[in-house]
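First chain A sits with chain B, and in the next complex the same chain sits with chain C.
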Partner chain A sequence: MVQNIIEVRNLSKSFDISSKEPGLKGTIKHFFRRQTKSIKVIKDISFEIKEGEIVGFLGANGAGKTTILKMLCGLIYPSEGSISVSGYLPFRRKENFLKNITLIMGQKQQLIWDLPPIESFYLNASIYDLDKFEAKKRIKKLSEMLEIDEELFIPVRKLSLGQRMKSELLAALMHEPNILFLDEPTLGLDINAQRNLRKFLQKYNKETNATICLTSHYMKDITSLCKRVICVQEGAISYDGKLDLLLKRLSPVKEILIVCRSEDDAIKLENFGFTVKNKIKNEITIKIENDSITSSLKTILNNFDIEDLFINEPPIDEIIGKILIKKNYDF
Partner chain B sequence: MISNFINRKIFTLFKVQYSNMLEYRVEIALWAISGIIPFFMLNIWTNNNLNESINISDIMLSRYFLCAFFVRQFSVVWVVFSFEEDSLMGKVSPYLIQPLNPFFRYFAQHLAEQITRFPFALIIAFFFFIFNPESIWFPNLGILLLSIISTFLSFLIQFLIQSIVACLCFWTEKASSIERLLFIPTLFLSGLLAPVVSFPAYVKSWIYLTPFPYLIDFPANLLSGNETNISGGLSMQILWIFLLFPLFKKIWSEGTKKYTAMGS
Partner chain C sequence: MNLRKYLKVYKKFLHTSLASELEYKTNIIVDLFTAILSLVGSIFLLSIFFQNNGYIGGWKFEQALIIQAIYTILNGITNTWFNPNLTEIVKHIREGTLDFVLLKPIDSQFFISLKKINPSGFLEILLGFFLLLFCMRINQINLNLSFLTLSLITISCSICILYSLWFFISTTTIWFVKTWNAIEVLRSFLYIGRFPLNSFSFSLRVFFSIFIPIAFITTIPSEVFLGLSQVWEILLEVIVASIFLITSRKFWLFALKFYSSASS
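Right after this comes the complex of A and B.
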């Protein structure tokens, strides 16, 4: 049986935030009497993640996804509740725990800006107690997987964003962590670089059975990497389960464009009892629930003279977008 | 285990930071030149014959200020500014989840910068001796060694003080403003502007209880050959390190609990 590697129970996080009224009066008031209020950004969440799983965290900006990742990797201290990652309390930042994890934040870099990435890699090797031989072996392996070579010897400031991101990834994975926390790892990358990064992560997960927690606003990252997603809305978990199931729930109907032989057939079909989205001459678009799609298509084909038929899947961005736009999406 | 830690982590960190510092050699040369305050002070002292009141000869005074310049070059600390910037920009986050306290990075950065500064400081000293040939002297090996140790201890004290202030970034975003409060006593009480021996008796009665005279005055007097209590000075430096280190550890451990990882 696959073990839980991450266990989160009733986790909450509050931040003290100061607020200021606009204008000079507000500024003076703020200077003498600063008003702070405590905002609960994560509200009593619980979940488990199994070893080797890739889990996507979905949610609008400010929903709390990154805060959850930061607590899981021990960067910030939780206000309430408990977290266990690989058997450790993350915020204690024990050496063995830190050697097991990595956090990659899109656009935030750990590489030394004025030196070639290779210098940062050797530095990381010594920080993680890797000997030079092992470090060289890992750099070679990872650079091949990431398809970077000459870039290792060029100062970081002269690398493109994609090359830099790959180098960041190499630096973050040199110690072969078992758990990867990825916060918007493809942010700012072009389509090819995004695809390569996704391929790399899939390969890394397959080869090392690493657990990956990922946040991304690029739906392709989520759909191609994650079987399971956790939706975060205003600091609370609104959905935790399979991505397929979520998509079915969010998009329970399919649109079918039917091209009839004649306009008369289209009119008959319009009055047959289906939910019609629109009708233009002999073309009619109807909405059918996913569960009854086979039987409905059978009925249409048996009763009408059909020239052509197209089933349109709504774009995944649009479907997921629903939970990002609507504050309290009811699952 | 400790030697392995120093060998592997700190030495590699130092090597990498030294390579990094060499990228900024012109900037470092300018910083070295900008540290010539002691020479201005020497000029003020000798032109006004102020040294007569404290029974220090012109030669000893010029040696003192040259040594003050050297001690300052190798004990100057700016960790609070680096940490504050890194903290506000979210750069501290990746360092915090590595099995090495981020302050070791800053520590190595300072050491690397000192080594980069060294040749520039020597050139400045060379010019100083050209204009003041009567001040040329060679300290004996033992004194030189003790002066290096004492300068390093002075650096450690300043590094710890600034690191403690830097940790206040976890509570207030602008910890460097607090450091500016410390800049005034450091400037006036450390011996950078005047040897502490020249201070009024009532100031001297309490000034030696603070860490400030051990930052510049003590190592500079030691190196220049002026009369000084060597064992007392070194003991006080070590005592301050022992007092400041646990304070730093405590404030670091409490501060990281407050860290919000903003900017990342």
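Right after this comes the complex of A and C.
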């Protein structure tokens, strides 16, 4: 049986946040008498993650995804509850725990700006106690996987965003961590760079059985990497389970556009008992529940003279967007 | 603590930092000129103070020059290590890149205090040493083992106090986010360290001994050079330096509990 590598119980986090009224009056008031209030950004959440799992954290901006990741890797102290990552209390930041994890943030960088990435890699190697030979071996292996070569010797400031992100990944994975926390790793990358990064993460997970916790606003990252998702809404978990199931729940019907040979057939089909979305001449769009799609298509093909047929999957961004837009989405 | 690992990491810090700085040749040359001009300017200023009266606070110009030499060495150390690293803490905290430091299996205080060096500060240290040697000659100070030990102890204590003060202020960034001004105030107070403590009024002497311990940073080490220091003063310097160092360490570890990381 696969072991839980992350266990979170009744975790909460509150921050003291100050607010300011607009205008000069507000600024002066804010300067002399700052009004702060405690806001609970994470509310009593519990979940487990198994070794080797890739879990996507979904939620709108400010929902609390990054705060959860930062508590899991030990950067932020929790206000209440307990966290165990690889058997360690993350916020104690023990050396062995830190050697097991890595955090990659799409919008922040750790590479030395004026030097080629290779210099940062060797610095990291000394921090992680790797000898030169081992470091060289790992750099070679990871650079092949990430398909970077010459870029390793060009100053970071002269690299493109995609090349920089690949180098960031290499720097973050040199110590071969078995838990990866990725906070929007594909942010700002072009489509090809995004795809390459996803391919790399899949491969890394397959080869090392590393556990990956990922947040991203690019749905493609989530759908191609994560079988399981955790939806975070206003600091609470609203869904924790398989992505497929979530999509089925959020979008239980498919739209089918049927092009009939004649308008008569389209009229007959309209009166057959399907839920019709619209009908224009010999083209009719019907809605069919996911569960009965095979049997319904069989019936249509057997009873009507069909010229063409299109099954329209609603765009995943649109489906997931429903959770992000609507507060307290009812699953 | 694995000393070998820390030495290896420090070697890498030196290497990467020098390589980064050497990317900008003009900047280094300008810094070198600034260091020389600053020392010449300071000596000139000091000589003006002594022009009318041969003594200030009981110190001759030749003796006061020792304070200037020690100040130059300390300023060189500040510019080589403290300035590039400790001002960076503010940036780390504001931009949230402290996250990367905290997630490394290495002491975070070691990392943020020593990661960078500014090579032009070395020249200041060197100039300070030359000036110190010159002062020893004109003040006819004889070198012996006990003198060397005591001067090394007191200068090391000065460095510890200076570092701790600066680090303490930088740490408060975790709560106040921006503390540039406090660091500037500290630096301007340290300029006062170029003059003998006795040249100030009683209340200022108390202030510069307790709140901003300039007396311990430049005056006592200078007194050691001139053979004017008391044993209790040296002991007190060691105690004060230890208290400062331990407190700054404890304060850093305490402050990290309140680190909330910058939002993404």
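Just so we're on the same page, the second predicted complex is superposed on the first by the 330 of 331 C-alpha atoms of A that agree within 3 Å, B and C clash if a C-alpha of one lies under 4 Å from a C-alpha of the other, contacts with A are read in each partner's own complex, and residues count from 1 in each chain.
By our rule, contacts are C-beta pairs under 8 Å (C-beta built on N, C-alpha and C of every residue); 3 or more make two chains touch, one makes a residue touch a chain.
Because the structure is a prediction, the values reported are computed rather than measured.
Superposition of the two structures on chain A leads chain B and chain C into a clash.
Contacts of A:Ser292 after superposition: neither chain B nor chain C is touched. Once the two complexes are laid over each other on the shared chain, residue contacts for A:Met105 go to chain B and to chain C alike. By the document's definition of touching, neither partner reaches A:Asn209: not chain B, not chain C.
Once the two complexes are laid over each other on the shared chain, residue contacts for A:Glu184 go to chain C alone; chain B is not touched. Once the two complexes are overlaid on the shared chain, A:Leu123 sits against chain B and chain C alike. The interface of chain A with chain B overlaps its interface with chain C at residues 15, 70, 73-77, 93, 95, 98-99, 101-103, 105, 108-110, 112, 114-115, 119-120, 122-124, 126-129. Those residues of chain C lying in contact with chain A across their complex are 2, 5, 8-9, 11-13, 15-16, 19-20, 23-24, 95-97, 99-100, 102-106, 257, 259-261, 263-264.
Residues of chain B that touch chain A in their complex: 8-9, 11-13, 16, 19-20, 23-24, 90-91, 93-100, 256-261, 264.
Looking at the complex, you find that chain A touches chain B at residues 15, 70, 73-77, 91, 93, 95, 98-99, 101-103, 105, 108-110, 112, 114-115, 119-120, 122-129.
Taken in their complex, chain A has these residues touching chain C: 15, 66, 70, 73-77, 93, 95-96, 98-99, 101-103, 105, 107-110, 112-115, 119-120, 122-124, 126-129, 155, 183-184.
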